[in-house]
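If you scroll down you'll find the structure; I have some questions about it.
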Amino acid sequence: MSNTFGKAFTMTTFGESHGKALGCIVDGVPAGLEIDEAYIQSELNRRKPGKSKLETARKEDDKVEILSGTFEGFSTGTPIMMIIFNGNQKSRDYDNVKDLFRPGHADFTYFHKYGIRDYRGGGRSSARETAARVAAGSIAKLMLKTLDVEIVSGLCEVDGIKADAYDFEHAKTSLLYALDPKVEEAQKDAILAAKNKHDSVGGVVVTVATGVPKGLGEPLYYKLDAILAEAMMGINAAKAIEIGDGIASTSLKGSQNNDGITPDGFTSNHSGGMLGGISNGDDIVVKTHFKPTPSIFQAQDTVNTSNEAMKFELKGRHDPCVAIRGSVVTEAMMALVLADMTLLNMGKKMQHLKDIYKK
Amino acid sequence: MSNTFGKAFTMTTFGESHGKALGCIVDGVPAGLEIDEAYIQSELNRRKPGKSKLETARKEDDKVEILSGTFEGFSTGTPIMMIIFNGNQKSRDYDNVKDLFRPGHADFTYFHKYGIRDYRGGGRSSARETAARVAAGSIAKLMLKTLDVEIVSGLCEVDGIKADAYDFEHAKTSLLYALDPKVEEAQKDAILAAKNKHDSVGGVVVTVATGVPKGLGEPLYYKLDAILAEAMMGINAAKAIEIGDGIASTSLKGSQNNDGITPDGFTSNHSGGMLGGISNGDDIVVKTHFKPTPSIFQAQDTVNTSNEAMKFELKGRHDPCVAIRGSVVTEAMMALVLADMTLLNMGKKMQHLKDIYKK
Amino acid sequence: MSNTFGKAFTMTTFGESHGKALGCIVDGVPAGLEIDEAYIQSELNRRKPGKSKLETARKEDDKVEILSGTFEGFSTGTPIMMIIFNGNQKSRDYDNVKDLFRPGHADFTYFHKYGIRDYRGGGRSSARETAARVAAGSIAKLMLKTLDVEIVSGLCEVDGIKADAYDFEHAKTSLLYALDPKVEEAQKDAILAAKNKHDSVGGVVVTVATGVPKGLGEPLYYKLDAILAEAMMGINAAKAIEIGDGIASTSLKGSQNNDGITPDGFTSNHSGGMLGGISNGDDIVVKTHFKPTPSIFQAQDTVNTSNEAMKFELKGRHDPCVAIRGSVVTEAMMALVLADMTLLNMGKKMQHLKDIYKK
Amino acid sequence: MSNTFGKAFTMTTFGESHGKALGCIVDGVPAGLEIDEAYIQSELNRRKPGKSKLETARKEDDKVEILSGTFEGFSTGTPIMMIIFNGNQKSRDYDNVKDLFRPGHADFTYFHKYGIRDYRGGGRSSARETAARVAAGSIAKLMLKTLDVEIVSGLCEVDGIKADAYDFEHAKTSLLYALDPKVEEAQKDAILAAKNKHDSVGGVVVTVATGVPKGLGEPLYYKLDAILAEAMMGINAAKAIEIGDGIASTSLKGSQNNDGITPDGFTSNHSGGMLGGISNGDDIVVKTHFKPTPSIFQAQDTVNTSNEAMKFELKGRHDPCVAIRGSVVTEAMMALVLADMTLLNMGKKMQHLKDIYKK
C-alpha cells in the first residue's frame, strides 16, 4: 500500500525512470465529473523538462493516455488509469554509476532496503515519477474546480534570493515560475551561475489554495496540515515544510500570531487557513523547501556496492534547480490532499446523511 | 480511522480534555516485548503540566493504567489498551467561552465541521490529548530500545533565542528541556517576561533518533521523512517541520549539501539520516517549530456561534510556551513512526521471508 | 490495524476474557446522532449469558459505560469509547488447561503465532469479546435507525432441525431466538439432549436488513456481499456464509434464479438484496452457519505446549449452542457493515458533493 | 481504495470489459522474487474463455505484459504493473441492452449508485475483470511456491451433481476442472443440456492450499477465514462460502466436529486448516458456490433507465457455467490472501524483529 496516496480519493502509481512506462490509478473519483483530457496534458506539459536552459535538457514527451474509468467524457466512479510510455528506455547514460551510489541520491538506501541495485537512472526513486503525480493531481484539480477551489504556486526563493511580494499570475508565465518579477533575473542568474560551475541551487515554493470551504481535515491523525506536510515532504528533494507563517511564527508573541475573528472573517492569515488541522475558510498556504539538486558535475566521494571507496563523476543531463519543476508537483499534491479531504468530509454531520441517503 | 495513527504499529486514541477519561489502543505490538509500566508512567510524568512556573499551573495526575494486551509482564500480540482517568472534569473555568470561539484555537473549525460546540476546554482538540500519544509512544520506545534505538529531544530555540550547541543530556534535566545551557537563562527569562505581559512565546524542538538501521521508510508514499513530517505537524501548535538541515539546505549549493559516502559511513549528515525517504544508518534529525500558545490573557476580537462580534478574555491556566511539553510529544511521535516503519520493513526481502516463515 | 473493523465507520476493540476490561472505540460516527445509552445496554443484555439453561450459566454483568465522544446526549464526531469492566477476573476455572491446547479452540494457533500461552479462558480469542462488537454495533444500529434501516435475526436451524417459516417477531421473545415456533420445542430439546450428554450442537442464523437504499457497497474489493461474508465469518465458530438463496442457488437454472425487474421492484429476492456487490433496494439476507461449541465435557485427545499427548477434560460453564447468542452478534456485524457502506457511499456522485460541499 | 485488495501484499486493478485495457498494480512484493513471465501467462491461459464448448465462444487473447517492478527477471520491491490490452473494443453486441438493465446483473445497481449507465458489456462489473486478479494472483503464487505452498482447485458440483471424491490432478486436465472423473460426464451433459435450452447452471468449487505453516491470519478482524470468505464472495456470481466442513459442521455434535490433536498433528481436518482465524498447519480448504450465469438466452422481465417495463432478450456469447473459469479465480484470490497474511505475520514475535532488524 505504500505506493498508494490518500484514503478516499486515492492515487496508486507505478513505473521506473527507465522502465517501459509509468502511470497511476486514481480511485474514488465521484461519478459525473467531466474529464478534460487536454487539461490533464497541459498540466503534464507544465512539469515536463527541457522548456528552458534552466532545466535539464533531457527530452521527455510525457504524452498521457487514459485507459479506463471514463465514459463519454465523464468519470464513471470506477478507477481512472493513466499511462505515460517512456519513449527512450536506454540506460546508456548511467553505465558509469552501475555499481556505485550517487551521493545525495536514494541509490544507497534502496540497495540496503531491497538488496537490489536498479541502476537505471534512479529507477523508482527518480523524480521522473512525479509525472504520474501530476497526472493524478490534474484529476483532483478538475474535481476541485467544479467546487470553485483553485490552486496556484510559484518560487519565492532561489539560492537564498527571496521574493518580496507574490504575484501568482506572473509566476504562470515565468520560465522559473518566479513569484516576484523584481528578483526574477537575479534568481535566474544564480541558477545559471551554479550550472556553469557544475553545481546546483535550492529553492522554496509557495503553494496556495483559494475557495476552500471551512471544515476540511480529519482530526486527530489526518489533520489537513499534517497531511499537507506529508504530501509535500514526500516530493523528491523536499527538506522542510511550513504552514502559513510557519517558521516566522516561532519568533512572534501569541498576541501577534493569533488571527482575530470578525463577522466578516479573519483579520489576518498567519495560520495558513487552518486551525486544529481543519480548514477555516481562508487561503491554504504551504511553503516547500527544496534542497539543491544532488546531481552535480563535480567529482564526489562515494562507495560501490562492495563498500569500496570510489570517485563519482556524473554524466547526463540534470536540473540545476529542482524547485522549478517541483512547483508544479506541489500543486498536484495539494490538489490530491484537498480532494481526499473533501470526500472524507462528506459524512461528518447526520443531517448530510439524511439529505443524501436515498437520493 | 482518522483517530488511528500508523499502519502496522498503530495507535488509536479517544477522549476529550474534560471528559471522563482519555487513552489509547496500541495495536501491532509484537508478542514477547517486556512492558515496563514504571517506564510508561515516567514518560507521562515528563509531559504532565505543573512541574515549574514555565508551565501551566493546572494539575493533571496523568496516572496511566494498562487494561489489556499484556500477560505476566510481556506483550501478547493483542491490543494494549491504556487509560488515564481525568480527575477533575469540572467545566467551570470555561463557562465564559461557551458560545464563542477562542482566537488561534480549533473551536471555530470544529464548530463548522461538526455543527457542535463542545466548549469544555477544547474538547478533543485540546493538547491534553497528547498524554495518550505519550503513553502509546512509550510502548514504541520500549520496542525500539530492545533494538538499540534511542530517541532524545530538547529545545533549540525559544522566542527567537537560539542554541549554539545541542546537549541532549543537559536537556533531560533542564526545566525547559533546553539544549544549550548558555542560552537557557535567556530563554527562561523570555518565557517569564511574556507570561508577565499575559502573552506567550514560540519555540523550536530538535528530536533525534540514534541507532536506526539502514532501510526504514516505505517509498513512495510512506517515506520516512514524509511520515515524520506528518507526525510532527499533527502535534498541537506545530507550524513547520525540517528534516536534517532543512531550511538551511535551501541556501547551499549541491556540492555543499551532498553528504559524501566513505567505507566508514557518511562524511556529514546534512540529510538528517535519510535518502529518498529511507534511513541511511545515520542519526534521524527532525526540527519542529511551535507557534506561541494561542491561549493568552489579553482581550481579543472574536465572534460567537451566531457570528456576532465579541471580545474574548481568557481565564484559566495555560502554558506560556507549548514547545516545552511539546518536546516530549515529538519523541513519542518519532517513536511511533520508527516502530511502524520497523514492522513494515520486515517483509521487504524474499530471503527474510524464507528465514522466518516456518519458525 | 487487525483489531479495527471497517473503513469509514470503524470499530477498534481491546480486551481479553479474563482481563480487567474489554471495550471498543467507534470512530467515524457522524456528529449529531442521538446516543441512547439505554438502548446500547439493552443490546448488550440480549447477548449476555445466563438468561436460560440453554446458555452458559456463567454470569457476566456486561455493564457498558461511554467514556468519550458524546456531549449532551449527542455524538460530536470524535471517537466514542465504550468500556465493560470484567467483574470476575479469577482464572481459577482454567488452571487445568494451563499447559495444553483445548481441541477446536484457538489455543493451539495463538501459541504458534505469538509464542505465548495466555491460558485465561481463551484470552483474546474468547467469544466474550463479542460484547465489544455488540456495543459498537448498537451505535451503528442507532445511526441506521435514523435512516429507516432495521436489522433483525433469528435461528433457522439447530442441530439439523430446520425452520419452515421465518417469524422475526417471534424470535425476539424466544429463549433461543427461534424463527419458527413450530420447531422451536424440538430445537430446544436437541440442545438440552446434547447438553445432558456433555456435548454441543450447531445452528444457523438468518440476519435481515430492511429499508436499505439502492447503492450501498463499494466495488470491486469492498463489495457489500464480500464484506458481509467477512464480517460474519469472523464471528467465533462461524463456518459458512450464504447471501440470499446462497447454496440453494447452485442447483437452480439461471432462468429460475434471476430476479425479474419490474417498475414496482423485483419479482423475487433470490439475490439477497444485492447485485454486483451493491444493494438493490430489496431486503439484505445473510445466513451464518455456526459449528457446535468446541467446549464439551468429554475427554478429548490433545497435546501440551511441549507437544506431548494429553487427555483434556473440560471444567467450567459453556454454551451448548453458540448460535443462540451468535444471533445478536450477527446483527451487530451487519449494522457495522451497513453503517460503513453508508458513509463510503456519500461521495459517489459529483452532484452530492456540490449539494453538501459548502453547507 | 475499494479497488485495492489486501493490506501488505496488495492488488489494485483497473479496466472495463470493453475499454482499452485492464490490469493491475501489485504492491508489496518482496524484492528478490524470480518473476516467471511464462508462468503468469499460463495462469491467464487457464482462465481465458473459448477453450471448449462448455465456455463462451468469445475470444479474448489475454496477453499480459509487465511494465514495471522487475529488473533482470527479479522483483525489485517496487510496484509490479501488468496490463492486458483488449483486442476487440467494439460495443456492437451490446447495443440492445443500452438503456435497460439485464436481470441478475449489476447494471441496475451501478446505475443507481453512480448515476451512469456504462452499457458496454457490464463495464467494470464484468467477469472479464477477473483476468487482472489472475495476473496478480500468479505473482502471489510464485511467492508462495518459494515457501513451499501450493494451491489447487476443481469443481465438486455442477447443477446439483456432486463429486464423491476429489482428484485435483484430474481436475488440472479436465475441460471443466472436474474433481471426480466418475461424475464428470454427467456434469458436462448438464451444462450442455442447459446451454441447448438457452439456460445456465450453477456449480461449486473446492480450493485447497497445502504446505501452509501455522500462524497465518490476523485476529480479530483480519482472520484468515474471514478474509478468505471476503475474497471468494467478492468473485462474480459467488453466493456462499464454506470453510472446511462448513455447512456440514452445523449438523454435527461438538464431539464429532472437534479435530483431535496429537503429537503428529490433527486427527481430522473438519476445521479446514484454521482455528480462531489462524492457520493450524493443516490444509486450507474453502468451498465457493457459484450461482447459474445470469446471462441466459430467454426473454426476461426488466425495466429501462426510465423505469419502464421491458422484455430483455440477450445476444452475444456467454458461459453456461461460470463456476468453471471461476475455479481459476478462486486460486488467485486464495493466493493473494495467503501472500498478504504471510507478510502481515512477519512482525508478530519480538525475536523475529531482532533476527531480521539489522540484516
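The chains carry the letters A, B, C and D, assigned in the order they are written, with residues numbered from 1 in each.
Convention: contacts are C-beta pairs under 8 Å (C-beta built on N, C-alpha and C of every residue); 3 or more make two chains touch, one makes a residue touch a chain.
Chain labels with UniProt names: A, B, C, D = Chorismate synthase.
These figures come from a predicted structure and were not determined experimentally.
Of all chains, the one whose CA centroid is most distant from that of chain B is D. Comparing the chain pairs A-B and A-C, the larger number of C-beta pairs in contact belongs to A-B. Inter-chain centre distance (chain A to chain B, centres taken as mean C-alpha positions): 26 Å.
One simple way to say how far apart two chains are is to compare their mean CA positions; for chain B and chain C this gives 38 Å. Computed centre separation for the pair chain A/chain C is 45 angstrom, with centres defined by C-alpha atoms. Residue positions 1-4, 7-8, 13, 28, 31-32, 77-78, 110, 113-115, 124, 219, 348-349, 351 of chain B each touch two or more of the other chains.
Listed in rising order, the residues of chain C touching chain D in the complex are 1-5, 7, 13, 101, 103-110, 112-115, 124-125, 129, 157, 159-160, 194, 199-204, 214-215, 217-223, 225-234, 236, 238-247, 249-263, 267, 271-272, 274-281, 289-296, 298, 300-303, 307-309, 344-345, 348-349, 351. Against chain D, the residues of chain B that register as touching in their complex are 8, 28, 30-33, 75, 77-78, 143, 146-147, 213, 219, 342-343, 346-359.
Partner chain A is touched in their complex by these residues of chain D: 1-4, 7-8, 10, 12-16, 19-23, 25, 27-28, 31-32, 67-69, 71, 74, 76-81, 83, 110, 113-116, 118, 120, 123-124.
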